[in-house]
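Note that the chains are named A, B, C and D in the order they appear, and that numbering of residues resets to 1 at the start of each chain.
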Amino acid sequence: MATQVIVLNGGSSSGKSGIARCLQAVLPEPWLTVGVDTLIEAMPASLHDTDGGIGFAADGGVSVGSKFQALQAAWIAGVATMAGAGARVIVDEVFLGRAESQLRWEKALVGLDVLWVGVRCEAAVATGRELARGNRILGMAASQAELVHQGVRYDLEVDTSRTESLECARRIAAHLGGDAAGSAPVGG
Amino acid sequence: MATQVIVLNGGSSSGKSGIARCLQAVLPEPWLTVGVDTLIEAMPASLHDTDGGIGFAADGGVSVGSKFQALQAAWIAGVATMAGAGARVIVDEVFLGRAESQLRWEKALVGLDVLWVGVRCEAAVATGRELARGNRILGMAASQAELVHQGVRYDLEVDTSRTESLECARRIAAHLGGDAAGSAPVGG
Amino acid sequence: MATQVIVLNGGSSSGKSGIARCLQAVLPEPWLTVGVDTLIEAMPASLHDTDGGIGFAADGGVSVGSKFQALQAAWIAGVATMAGAGARVIVDEVFLGRAESQLRWEKALVGLDVLWVGVRCEAAVATGRELARGNRILGMAASQAELVHQGVRYDLEVDTSRTESLECARRIAAHLGGDAAGSAPVGG
Amino acid sequence: MATQVIVLNGGSSSGKSGIARCLQAVLPEPWLTVGVDTLIEAMPASLHDTDGGIGFAADGGVSVGSKFQALQAAWIAGVATMAGAGARVIVDEVFLGRAESQLRWEKALVGLDVLWVGVRCEAAVATGRELARGNRILGMAASQAELVHQGVRYDLEVDTSRTESLECARRIAAHLGGDAAGSAPVGG
């Protein structure tokens, strides 16, 4: 079965979005990219920095509350439906809950052919890129670099520390091509 | 049953996004806003201005191809799932296909409690706002102002020509409150 | 002498940027638009929310420090040079320092033909537009609506509360046309 | 004399903006960053893709007309004034006119202490980053990678092909520090 969902998991400034756009460019079929940034954008402005919503601390820490999580659960279910209905979907995610975050997606994506990709980037490099983007809140890149991968299982890992987004995308695309016949869900 | 989806349909520069953000601010529960702009953003850059994708002509005309429509159908199904899974959803849409566009959403949203809202704006006013936004392609506002409403049935209509977004949002919110017990789907 | 600089002064969410873009569209010659947002964008991210920089309080209050003011003074001098060198310039400003802010610009623009335009918007309307834009920090519109006009002298005032940006721009353009031969600097 | 202006010249997607933001972060004093993107943003939307304005061809070629050039000349004069008035300025530029573009800046910046920095990036790498950014028009990176450096003289060159923005910024900052006492304008 052909892959229906590519989940890119990595910390802030690890280069997931660039890889996602390169994947959209190199893959022969059209793929949608959605991600936690899409979700935050869709939420009320009032859910930012409030109890129950999502908070960004001055040191780069991120906390999410119950309202955020409820919307996120419904959103994940919706993304799974999109993929099941025929839209190939790249998910650009930050597994702040580590293995538990993966489990949440696995349950939602059950029955779909998913490629789990870890997007790694050394904390020092990601921190430099955080500066280069002009982010006002610094520290997210460093605090998430290792954390989001703990206990998470991947079909493939790429490291953007010294590999360009396009090259990472090509490796993922090659993996898709080669494994198209026999890939099984990580959680299977 | 409480309303689960608010569909705002109107032409470009009619003020739907402003109303959606005001709704998110005035409604007591958190609502997600998604829309055709979200969808376009999620698509590959290569689907812009190509056969099969979405094209924006110099005169403001918009054409969508088969690849766009296939992704859109899956995306609509996903949005319906989000709403069914408990996320209240505001849909910010442009029914270029008029009654047929509404029918597509109605089928996807069947079983959900939907409020259909027409967002009108006089063509001349919308054209002025298109200029004020600094849009490079002019003409979309004028060409869509009437067209997107043809044959579409609403529970409520607002007109932003001389009413602010916040006031429009309040009227929609009032309608939600008052009709909470008895609203029926338009397509019912 | 033909007008070389149009200074638009008004509070946050009063509609200055929309008027500026409409002016650029309706005026026969090309005009540049610069403003305090341009300046903030050009500054280091670290000047946000720090001593010496610019701070945005949770209630919408804005405070600027000495480093901000030093950069601003040099930037104003540069904008004056642009206008003197032949670029027609629309300045999109918020006179937080009221008459003193105007005096600063007057000194920099001495010898140039300037049209001073007050852009008014009722606090309640501007607050609604602040919500409609999805601003996370609310209150700036209300706190600035009256304050920025105190003691400031104008050649022309427009009010966006019930007049569209394009119509406001047309009135300003008409004023330019009619007064082209005889306008004198406010500070003259 | 301390450096007053840092001119970063490089092709599209060569990484100038990231270096500029890192410079703003690592340099002890506040620096403004302005550039050709700032200028285009300030121009009327109607100057895009018209005679006399700036045009972006489907193959990534860029052409500028007489109106664009007139505004640019005045803008450059203004930037020079900002630097002379005490604002340290980083100029993020694309010398489409090669040595002639440099000459234009040299004339405007005469009397100021300028550090000329070439920002190089291999065409293939820059093209990959163009994809990763999701640019709709591809080809600018490749067509500008070599061209903009032809005949241009630098105090320092950095290459982002295999060096991160932050490291490039540190080299530039080190150069500033070391040469602070004795740097002379390239054009001197």
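One rule holds for everything that comes next: contacts are C-beta pairs under 8 Å (C-beta built on N, C-alpha and C of every residue); 3 or more make two chains touch, one makes a residue touch a chain.
If you're wondering where the values come from, they're calculated on a predicted model, not measured in any experiment.
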* Structure fact -> In terms of mean CA position, the chain most removed from chain A is C
* **Comparison of B-D and A-D by number of C-beta pairs in contact, larger one** => A-D
* Cα centroid separation between chain A and chain D, in whole Å? -> 33
* To do: Determine the centre-to-centre distance between chain A and chain B, using the mean Cα coordinates as centres, and give it in whole Å.
  => 28
* For chain B and chain D, let me know how many angstrom lie between their CA-based centres, rounded off. => 41
* **Multi-chain contact sites of chain C, meaning residues that touch two or more partners** => 21, 25, 45, 134
* Structure fact -> chain A partner, complex, touching residues on chain B are 21, 24-25, 30-34, 38-39, 41-47, 53, 67, 70-71, 73-75, 77-83, 85-87
* Residue ranges of chain C in contact with chain A within the complex -> 45, 48-49, 134-136
* Parts of chain B lying in touch with chain C, wherever the complex brings them together -> 15, 17-19, 21-22, 25, 125, 128-129, 131-134, 162, 164-167
